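Per-chain residue numbering starts at 1, and chain names A, B and C are given in the order in which the chains are listed.
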Amino acid sequence: MLLLQLLINGMIAGSIYALVASGFSLIHSTNRFLHLAHGAVITLGAFTFHTLFLLLDLPLYISALATIVATSFLGWLTYAFIYSPLKTRGASRSTLLVASLALAILLGNILLLLFGPDPRSINFDLPGVNISGALITGLQLLIIIISLIILIILFAFTKWSKLGKTMRAVADNHELAEISGINSKKIEITGFIIGSAIAGLAAVLITLDQNIDPYMGRELMIKGLTGAIVGGVTSLPGAVFGSYFLGLLENVGILWLPSSYKDAIAAVLLISFLLFKPTGFFGLNKKTIND
Amino acid sequence: MHLVIMIGIYVTLSVGLNLTMGFAGVPNLGHVAFFGIGAYTSALLSLSNFPFLFALVVSGLTGATSGLLLILLTHELKGGYMALATLSFSSLVYVTLLNWEGLTRGTMGIPGIPKPGLWGVKLAPNTSYALIVLTIMMISLLFARRLTASPYGRLWIALRDNEVALSALGKNIFRLKAQNMMISAFFAGIAGSLFAHQLSYIDPSSFYLSETVLITSIVVLGGLASLRGTVIATIIILLIPEALYFLNIPAQYVGPAKPIIYASLLLIILIFRPNGLLGKYSSV
Amino acid sequence: MLQVSNINKSFHSTHALNGCSLTANSNKITAIVGPNGAGKTTLFNIVSGYTKPDSGSILLSDNNLRGLRPHDIYRLGVARTWQQVNLFKSLLVWQHLVIAENNNDSKIINNLIHHENTPWQRYKKHLKDYGLDNYLKTQVGSLSFGQSKLLQLAMVLLRNNQLILLDEPIAGVNHVVQQRIEKILLNLKKRNRTLVLIEHNIEFVKKIADKVIVLNQGKVLAEGKPTEIFNNQKVINSYLGT
């Protein structure tokens, strides 16, 4: 049945967006700015994985692990050499956003330079399942399952672990946390690394399932950003919810809109929420994005 | 000559951006949308046989109208939100240009845009167009200079420094912001028109993120609120691709190399010299 | 003359103003005092248009101020200063006076055509009482705190504003500056203006105020001459929090 297929497609897309958005949201809540280069980091991870797994023929798990390490390292690099110096100089949130945009362009074009514009893919086959006429490949099923597992782990981590709770404290009230003796710089770095690690995982899953090209980061960033804003960028579960909402809306929306407008849905949703309900569905009513 | 024309166009475009980002302190990442709207307006009008001057002015006006729309939507936002909202605006415009194929032919772009000549004067087509572009650039610069050096211009700076205090002194804040954005967008609109007629072919990809980074680099390099700085920075930044050609870098590398250089330059300036060349205010 | 009637204002669950009514007459200095959180600054914000009251009315002579935006209220002749310094750090002292004078600087065409004609002598003369006459071309960032407060005052008194709201005009300034401000304010009484100020400094209030209004928990607790008020047991208790 068509609707069921669209719903499943929506879940798959939503899972990927949720992984993107959750890493992004984690970085935002611990660092208090929008790291728009997150999508580019994922793209870099995608090409890394592709190179390791397909071109160098390394085993799956090793390639995946190496990719996650690579993106975490890249995340740390951007923090150490760009964002941290800017923050030290008192950069405003909008400046950091502009810097992240520049970074995104930089990374994207470096990939373009190295790999050329053509899409690549890995044809990874896992037997699929047929649910009353709706098809889902084994890989796609795996994506949904892994995403949900990671998101649950992330949620549990932020809610119950000591480090996670510290991160939330810093996210809620960074000045108070500093005064209370929490090393917010350490939290910033940790948030960046974990967020970028999740980006690496997203990269692996995306690369296995879809075509990759140097421009994909841009789109993923918009989707992830939209998911995060719609759900409430100060709330991690919110970002996840918003992402699934977007995924489902995009795919089920095909019933009414021509499919070329699929991408416009994210842009329209993003700008509508920014202008009319910037805190999203679940965000706290604090102007945490305002300077 | 092509370079001279591009410099004229980008000075006009970047001065416009400096009016919002530099003088009024608005983190406007949507400027490139006005550039694109102006370019497409002019292209479509010219191809429907409207005279160049008419197309030029209307492009400026459509730019200004879009600017009004943007400020209506975003005037209460601050800082990071404003940056994000304006960025989303340029995304929205980009997506529209890409998808509204009936009007814009989407990714295929619009080719064959005619280049106007000077009426009655016999010069090589590029030279006469260069004169047109430089004249318009000079008029824009003079206008910007006059306005920003006047008491009115100081209102923009005051707006940047302390909006609340300014409203307590009887100034209509929304009107100031609207005028600021509309004038800035008008500049971008006419720059777009000049751009379309120079390249004779436009497509949406020229009006999005790489371009945003480019013009932001120019304004930041030149220095916020420094018109002279913007002019100098435009020349420097537009000379960079020339240097690439000079170094004989293969064509397929030049494409991505340009944004890499602009992005790196922007980051370096932000980190090491946030006032840019001649700016009085830090970009950071 | 300013007439505030029955103003109510709540922020979320806090009742900032609770049926607050008061009058301030022209040619008089009215001081509003009261413990912190009594609603004094909220009242100023409402009168100058920064906050909308939930209910009540604000009348300035015959004009209804309620619902007007800050710049419209300014045009009616209402000017205010702030507790913190609220100046334009990139601009010079004389440029602040130009803005405060509100003479066509918002008109674009005007500015494009006419050349700027700064009335240096007049500004210098105006700033003399504030001790700032030699500071016309100084960047306000280099002014001391006291000088900044004096400049704020100079700005609101440049025009013939009929209602002047001063929020803690002498808070944080040294004795010399305080005396200057005192002298300037006392001089104002002869000029047909309504002057309302918020102050915590009781000695200062006793010296210059004609009428004192005590605000507590969002409404008027007592009003009258300074000597009566500051000997009033209820007032003393409100400051001590009983």
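Note that in this section contacts are C-beta pairs under 8 Å (C-beta built on N, C-alpha and C of every residue); 3 or more make two chains touch, one makes a residue touch a chain.
Fair warning: this is a prediction, and the values are worked out from it, not measured in the lab.
Averaging C-alpha coordinates per chain and comparing to subunit A, the farthest chain turns out to be C. Chain centroids computed from C-alpha atoms place B closest to the centre of all protein C-alpha atoms shown. Per-chain Cα centroids separate subunit A from subunit B by 31 Å.
One simple way to say how far apart two chains are is to compare their mean CA positions; for subunit B and subunit C this gives 42 Å.
Note: centroid distance subunit A to subunit C, computed from Cα atoms, is 50 Å. Per the touch definition, subunit A reaches subunit B in the complex via residues 33-34, 82, 85-86, 89-99, 101-106, 108-110, 112-113, 116, 218, 222, 260-261, 263-264, 267-268, 270-271, 274-275, 278, 287, 289-291. Note for the complex: subunit C touches subunit B at residues 48, 50, 69-71, 74-75, 79-80, 82, 86-91, 95, 98-100, 102, 105-108, 110-112, 116, 155. Residues 27, 29, 73-74, 77-85, 87-89, 91-92, 95-96, 99, 209-210, 212-213, 216-217, 252-253, 255-257, 259-260, 262-264, 266-267, 270-271, 274, 283-284 of subunit B are the ones touching subunit A in the complex. By the touch criterion given at the top, residues 143, 146-147, 150-155, 157-158, 160-162, 164-173, 175-176, 179, 280-281 of subunit B touch subunit C in their complex.
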